[in-house]
Amino acid sequence: MSLRILATGGTFDKHYDEIAGKLTFAKSHLPDVIARARITLPTQLEIVAMLDSLDMQDADRSNVLAACQQATEAAIVIIHGTDTMSETAHVIGNAKLAKTIILTGAMIPYEIANSDALFNLGFACGIAQALPHGVYIAMNGQIFNWDNVKKNRTQGVFIQK
Amino acid sequence: MSLRILATGGTFDKHYDEIAGKLTFAKSHLPDVIARARITLPTQLEIVAMLDSLDMQDADRSNVLAACQQATEAAIVIIHGTDTMSETAHVIGNAKLAKTIILTGAMIPYEIANSDALFNLGFACGIAQALPHGVYIAMNGQIFNWDNVKKNRTQGVFIQK
Amino acid sequence: MSLRILATGGTFDKHYDEIAGKLTFAKSHLPDVIARARITLPTQLEIVAMLDSLDMQDADRSNVLAACQQATEAAIVIIHGTDTMSETAHVIGNAKLAKTIILTGAMIPYEIANSDALFNLGFACGIAQALPHGVYIAMNGQIFNWDNVKKNRTQGVFIQK
Amino acid sequence: MSLRILATGGTFDKHYDEIAGKLTFAKSHLPDVIARARITLPTQLEIVAMLDSLDMQDADRSNVLAACQQATEAAIVIIHGTDTMSETAHVIGNAKLAKTIILTGAMIPYEIANSDALFNLGFACGIAQALPHGVYIAMNGQIFNWDNVKKNRTQGVFIQK
């Protein structure tokens, strides 16, 4: 068993730029996060993009799909913005790869107090090793099939469609 | 699907007592941690003990087993000290319950910088919903069967026996 | 000796709104921060505003000045956004009150990793008790007179004019 | 104006050793803390010791005094354990140096949630630049003269004798 983590940006990886005074993207937090998690499973981190998911274009989703196809690992975790996570899940789900692919993200950036980022990454890394091949969204402590989930933006939680 | 989390103490839940100047146990951090994780799955927290796992006696392990037996949920996560986690896993594993039971913990307390606690809890909550019935230890981003795992205390990681 | 802390918002007190996905203002962090600092000096917290300092109007600065005038304490700390901190310092400095008034803030919000907020608040609370009457800006571990300081926005530090 | 910070260990600088499972000393946190504080004042950090203050011997206090005497800076902050902070303050106070010397520390280690360390360091760095020559203890948001302070160990606060 080995694991690939694909970073695409999203709230999880946002960084406060103190000169600009706003949240943007800089270097991914994921190398630090993976070290902190003390993972001993062989794990590869790949930075595919560093984007707010509202800014993701078709070409970006194609890049994520290509990274999944090219991965030699059968267990893949994708860190993604929550706003269009289900759109990207559709693109990958329709490709019917013989892999277990989990999309997750965070409601609060990793570097901000009370963030769910570390919990969600742990959750995703666990089920990536345990579920049958398929594409899933892991948020709010729940496992959703890629074709049966949406974000309730008013409440900030993922629910079944 | 619903989830039960059993707290037993361990490094995960240690608290710095500023009057005594040392790490002890006070109120469990788990209510805060569960809120932070934004879990929408029906989840029950049960405080079974608040102990350093080196201080766990047979009676304590029997209490943990009893809590597993009495739980109405089929998915159970046990927060446990790492030093005797595999002993408790044996007691529960031998009971052959028709449930998926995951033991996890932390190398660094939840309230200390760089803690793995939140990652491990997420990992455990995920696989508790995904694995077949059985008893497992989840540490270091890996899933171990209860009868094939030990802690390497020199390196501070869990490995197969 | 007693101390008054006036909150006006600023980067120090910004909060991540997970539904809107951006930094805004909610309840001030200062009650928690003051408790954390374990201050035993009699200390009053007063919320004058909860604003980005770029949005501060003359009327807001008049409110801050009025709060300084009405305070029964001779030692006052004002938490303020960095972008117009020196403007507000001018308004108060020109009033020539017989009090020691320290303006401070933060380059990174209190609730974000690597924040300077707690250091700056401590610094300001110290010199508010030690300096002669006057109006000062405390940032970057330095004490600036109100009429001889500006923010270098390119580098994100305060310097003498 | 320039500043010297002398590290001696104490609760402020304790580190959780995840292999031993207890709080000990490793590399000082102070280089990170000083960077985080964004201090632009010329500042020298000197590691004099890395000790629990209950383990401090006369020779250790002599080393701290010698570091104060040899410092070219007239403003000195000493990070010290709280339990014998006033003893060390006596040794330095009796030397009647023509410098402003502030002892401070923390009730909760810097790396543990809810720590007062950063506030206390800021407080000390401020008054080191503002008070007349002398030796002071800065804890609980208060300034104490070296010969008129003791720690109330039951309540965990510093008070006048």
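As written, the chains take the letters A, B, C and D, and residue 1 is the first residue of each chain.
Criterion: contacts are C-beta pairs under 8 Å (C-beta built on N, C-alpha and C of every residue); 3 or more make two chains touch, one makes a residue touch a chain.
Computed from a predicted structure; not experimentally measured.
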item	value
Chain whose mean Cα position lies farthest from chain B	C
Separation of chain A from chain C, taking each centre as the mean of its C-alpha atoms, in whole Å	38
Gap in Å, rounded to a whole number, between the CA centres of chain C and chain B	43
Contacts with two or more other chains, residues of chain A listed in rising order	107, 114, 156
Arrangement of touching chains [line / ring / star / complete / other]	ring
In the complex, chain A residues that touch chain B	1, 3, 33, 36-41, 43, 107, 114-116, 118-127, 129-131, 138-143, 156-159
Residue ranges of chain A touching chain C (in the complex, touch as defined)	11, 16, 18-19, 21-23, 83, 107-109, 111-114, 153-156
